[in-house]
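As written, the chain order gives the labels A, B, C, D and E, with residue 1 at the start of each chain.
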Amino acid sequence: MKKIEIKNLNVSFDGFHALRNVSFDIPRNEILSIIGPANSGKSTILFCINRMIERIPNVKVEGDILLDDRNIHTIKDVEELRRRIGIVYATPIPLPMTIKENILFGPKLKKRLTAAKAGELVENSLKAAVLWDEVKERLDSSALRLSGGQQQRLCIARTLAVKPEVIMFDEPCSGLDPISTAKVEEAMKELKKDHTIVLVTNNTKQAARVGDRTAFLLMGELIEIDSTDKIFTAPSKQKTEEYVTGKFG
Amino acid sequence: MTNALTAKKLDLYYGDFHALKNVNLAIAPKKITALIGPSGCGKSTLLRVFNRMNELIAGVKITGEVKIFGRTMNKINLLELRKSVGMVFQRPNPFPLTIYDNVIYGLRIHGISKKDILDETAFTSLTSVGLWNDLKDRLKENALKLSGEQQQRLCIARLIALKSDILLMDEPCSALDPIATARIEELMQDLKENYTIVIVTHNMQQAARVSEECGFMLLGELVEFGNTDRIFTAPSDKRTEDYITGRYG
Amino acid sequence: MDKIISKLLFLAATSSTAILALIALFIFKEGVPIMAKSGLAHFLFGNEWRPLQGMFGIFPFIVGSLWITAGALILGVPLGVCCAVYLAEFSPKKWANILKPAIELLAGIPSVVYGFMGVMWLAPIIRTHLGGPGLSILAASCVLAIMILPTIVGVSIDAINAVPKSYKEGSLALGATEWQTVWRVILPAARSGILAGVILGMGRAVGETMAVIMISGNATIIPNNMLDSVRTLTANIAIEMGYAIGDHRQALFATGVVLFFFIMGLNMIALKFSRRKF
Amino acid sequence: MRISPAITQRLAKGVLILATISALGVLIFVIGFVLAGGFRHISWSFLTEPILDMGRGGGILPAIAGTILMVFVAIGIAAPLGIASSIYLAEYTEEGRVTQTIRFGINCLAGVPSIIFGLFGFILFVVILGFGWSIISGGFSLAAMILPTIIRTSEEALRSVPKNYRDVAASLGATRWQVVTRSVLPYALPGILTGVILGIGRSIEETAVVIFTAGSAVQMPKSLFDSARTMAVHFYILAREGISNENAYATAAILICTILIINVFAYSLMHRLMRGKS
Amino acid sequence: MKKASAVLLAAAGLVVFGCSHPEHKTITLAGSTAFQPFAEKLAEHYMAAHKDVRINVQGGGSAVGIQSALSGSAEIGMADLLKLPDEAASLNSVTVARDGIGIVVNPKNSIVNLTKQQAHDIFAGKITNWKEIGGIDSPIRVISREEGSGTRRSFDKLVLGEDKLSASALFQNSNGTIREAVASDANAIGYVSIGLINERVKGVSYEGVAPNNDNVKKGIYPLARPVFFLTKASLNQQTQDFIAYVLSKEAQDILEKEGLIAVK
């Protein structure tokens, strides 16, 4: 069952062709990894899916993206789309407020919450992001005091709090130590039960570990997409093999 | 043969933060040595010890002994030190001057102003980084008009013009695409005939491709140092193995 | 909802342009007829300002404004730029954090206080030691140099700080001293920004009124040297406005028109510099 | 002979330090002189009594009241308008022809000399709209004058808020207005405040505009349609006309103290705000 | 958001406060800077006796006086001119005082008297050094009022006649500033209202007659001009009352005491 369908996606920034004719599907309740060297357009795909790309000036986007068979560009309420498709960025970006306020930032945009509802939401989100035990004592202290790994999980919890259907991770572990990385990966695996997950990473090994399927992108072109096993053991394209074995990149 | 760079019991603090912990290493001349490790592990900090660029940051404290070709670093005149230990930065940073002025910048500041010497040096340095043929008619153009790869080559040419002995490269390809990366890597192979090169990279594959010796750093410690092939095939430390097999990073 | 907010904000954003247009409209409406009547060339290049006899030549004031402004720049720019370079590149951070606001404070002291200090201190010194009436171009230039200092320092510091750190690192890594780095890389890179600051300061100097009235003596002749008294365009408007009727009043508005074009010109030049990339 | 770079560096640094010291020296001299001359004559009654005998006797309460009211009107208009403009420019639009025009207007308005604002305010508010010489006319004219300052500083403050915060808010489903109010404005507040403070400072020190638009009545203003003088105008008249040097110095001392206090207060407030945010 | 709305409310309140028209009756006077301080003095006295009246005194200059009377922005325009210009023809004028003009020099200057011819030549720029009239050997610095000032017009007419003022003259825009400029410059010469001559400057005799109000009244000191109040033909009651007060004995005595010459 496909959750998202990308058709002939072309993106150019100020004349720079960032994505060329990219088409693929993202299946429901799976983790899709997108790998490729720096500047190959991996993150650009994510920004197209939640239409954050519209916030960048001088960008041209062509092609269709369907979410549950509906073209996302026909969705009038772009805020609603972004609630359905959450994103976690490469560097953790906690807003300079308390942990609790960070979690409630998204939900409060839409409606007022009773204290009980809010408390419940904070707890559930933090639990789902495997952070609850570490911070439950200090929900009202500044989020900036958390360690890098905790901040990143807080960002995941914040994304979860708006109850998205799809969660996109943009190199979520690039600044983290081994233990934090493992925790984030654990959270991702946990989350795919109820969510569709897209993971952009430049760590091929990470893609091999957590992805159900893997797409390989090179300089704006989709070289190959297949099951993760296949990509890492018997890729059909030579470029893919060269990349996953470290010949370039 | 004297080692190009040695560090003994090197500790470095940024204020209270202990950034380098008891680092001991010896870097052989005319070889490429790579330093790898996840972000924030201290590899760039270590690199910047060797030309004392860390001292630009307030609150830095360094203890231990660093030697350059057998001479104690702190006894060498700072300006002479930086002349002989050149640095290539993550983002190409040509000055907003003409290409010509960029190449011979180092000579000018070290007091050489004879036109024929300058011209000669511009020719030899641009030739050795493979830019002369492309740029010989554009020497009076602003260096910022060059492509990223050309800019990075130009920055290397600046050091060659100064006759630096040691080239420190701080993730020199992270802003470049795979093709440009490959070409800079090729250039490094050409240069190691005459120069000692130390490269910091977060891209393990790159380290495996270009270096002869390799050090793995984690949380301020130099975990392991040795022949690159050995590090990548038979690491002696569990942490190194976890990193190169992609457990984190 | 978002659309309405957007519209409202747009409306607010246009207010400055609207005010500018209104100012131009009123000043021009009052001033242009007399320029036409006495002839633009006569008005701009006439040497005699005897409004009651119908002689409206503002050339001495144009010259006066230029002299005073040039003097202020010659004195103020080197001082200001040096100050900015020191604070941005050399001084300990702690000092810079205190000194930058302190110098910005100079801008908050009323111009009339500077003018008064000039009259009390500077003018007598110039009169006794250098001769002339004391109330002179030199005195006015000194006072204005101090008044434009904060502008020049502030904008220059910003321009220097805007130069990417990587240039400095690159230069130092090549073995350059800090001064060589500043002189050969940072100042050239910040040049357009600093120039924009200088032009802004120039605008302030040209536009300053009250301090200049107090300190320049307001004579209506073309000056021969720095010790002569002159009148600027701004001073001409401010001191005679109260007594002007009919053509005389229009001629003062016409002086305003000239001043307006003068400033617009300066701003366009400044704009050009600040837009230009390194 | 080539002078060694290290010596050049030392020489250059010496020159820069000298320049910085002389700039600061001037500041300290001006402030010190005024304060020393003024403090002897400041007393409680000087602050609380009406202006008598043209300023020779009594206090300066009406001038204080006039200053506060006029600044209040000016900021009350310029701050909302300016902040709205800056939000439009920084958050609601892409760079293009429209913003270029708006920015051109702002830049030009910023360069318009105060005397022109005086003329403009006199014609539009005093004469055409019939407000007469009044606090309203003065406040409106000052608002026009400080508008560009507030827009520029606020825009800069908005732009200095990390782009990330906006992305996070938008990715969580915030509308454009929510992005601005919840994740940009709170963090730009210190910077915006700086702009407002600058605006207050300029309004307090301005003389030319106020004389032309608010007159110089000595009585206590009873409504915003009354004429009033500000402290700067009061100082100007006292010092210029040689009415009372003592009271002039005292007024200037209070004026400078006010500006100092506002600045210090603003900086400490900003510090507090910043600390909460990082 | 709460803060923002608080600010908005405050601003709205300000506007409402501003728009509620004051209940007291206001009279605005504007014009001659020379007469402004005297008008302020009279206003101070008058308001002390009439609590319901508010008198606003503005300077601006004689021309502003004429204009604001014409436009109605002031009830009373003040002008100190020898002769009213044609623009003022439609206005009612009443002379409320006379003001002498004294030629002043720095107290260090040894000159005590000027003949009509000498004064004329100095201000016309024909005599440029004090030694030409028996002073020390130093240049004469002529300081005049700006073009259009009532004092200036009167002085030019009385002293210079049809000739032009010296081209190198410095200008100051009020009596007080001329006095200060002359007080600080040993070579300066200027002219101010007789009432403003004090110890900081020295009043010079003109044709052997000392510049003081007695001599003006006697008619032997010729440098003087009238001060007019200009009003529209139709006047409201409080303005009429105030003009009547200014012409009263009490007010005229105050003016005398302050250094002007009463008209009655």
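The rule is simple: a contact is a pair of C-beta atoms (placed from the backbone, for glycine too) under 8 Å apart; a residue touches a chain by one contact, two chains touch by 3 or more.
Source: prediction; values computed, not measured.
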Exercise for the section: Kindly list the shared contact partners of subunit C and subunit E, in label order. Expected result: D
Problem - Chains linked by the largest number of contacting C-beta pairs - result: C-D
Completion exercise
Top of the farthest list for subunit A, CA-centroid basis, is E
Completion exercise
Note: subunit C sits from subunit A at a C-alpha centroid distance in Å of 53
Handout entry: Gap in Å, rounded to a whole number, between the CA centres of subunit D and subunit B
Key = 50
Practice task
Go ahead and note the Å separation of the Cα centroids belonging to subunit A and subunit E.
Solution key: 79
Completion exercise
Taking each chain's centre as the mean of its CA atoms, subunit C sits from subunit D at a distance in Å of 17
Fill in the blank from the handout: Shared-interface residues of subunit B (touching two or more other chains) are 79, 109-110
Handout entry: Set of subunit D residues in contact with two or more other chains
Key = 5-6, 80, 175, 240
Handout entry: List of subunit B residues in touch with subunit C within their complex
Key = 51, 53, 56, 58, 78-83, 86-87, 89, 91, 93-97, 105-106, 108-110, 144, 155, 158-159, 162
Handout entry: Touch list for subunit E against partner subunit C, complex
Key = 33, 59-64, 66-67, 85, 87, 141, 146-150, 153, 164, 167-173, 180-181, 184-185, 188
Handout entry: Of all residues in subunit D, those that touch subunit A in their complex
Key = 94-95, 162, 164-175, 178, 182-183, 187, 276-278
Handout entry: subunit E contact footprint on subunit C (complex, rising order)
Key = 49-52, 119, 123-124, 127, 133-135, 213, 217-221, 229, 231, 238-246, 248-249
Problem - Residues of subunit B defined as touching subunit A within the complex - result: 38-40, 174-175, 177-178, 181-182, 203-206, 208-209, 219, 239, 242-243, 245-249
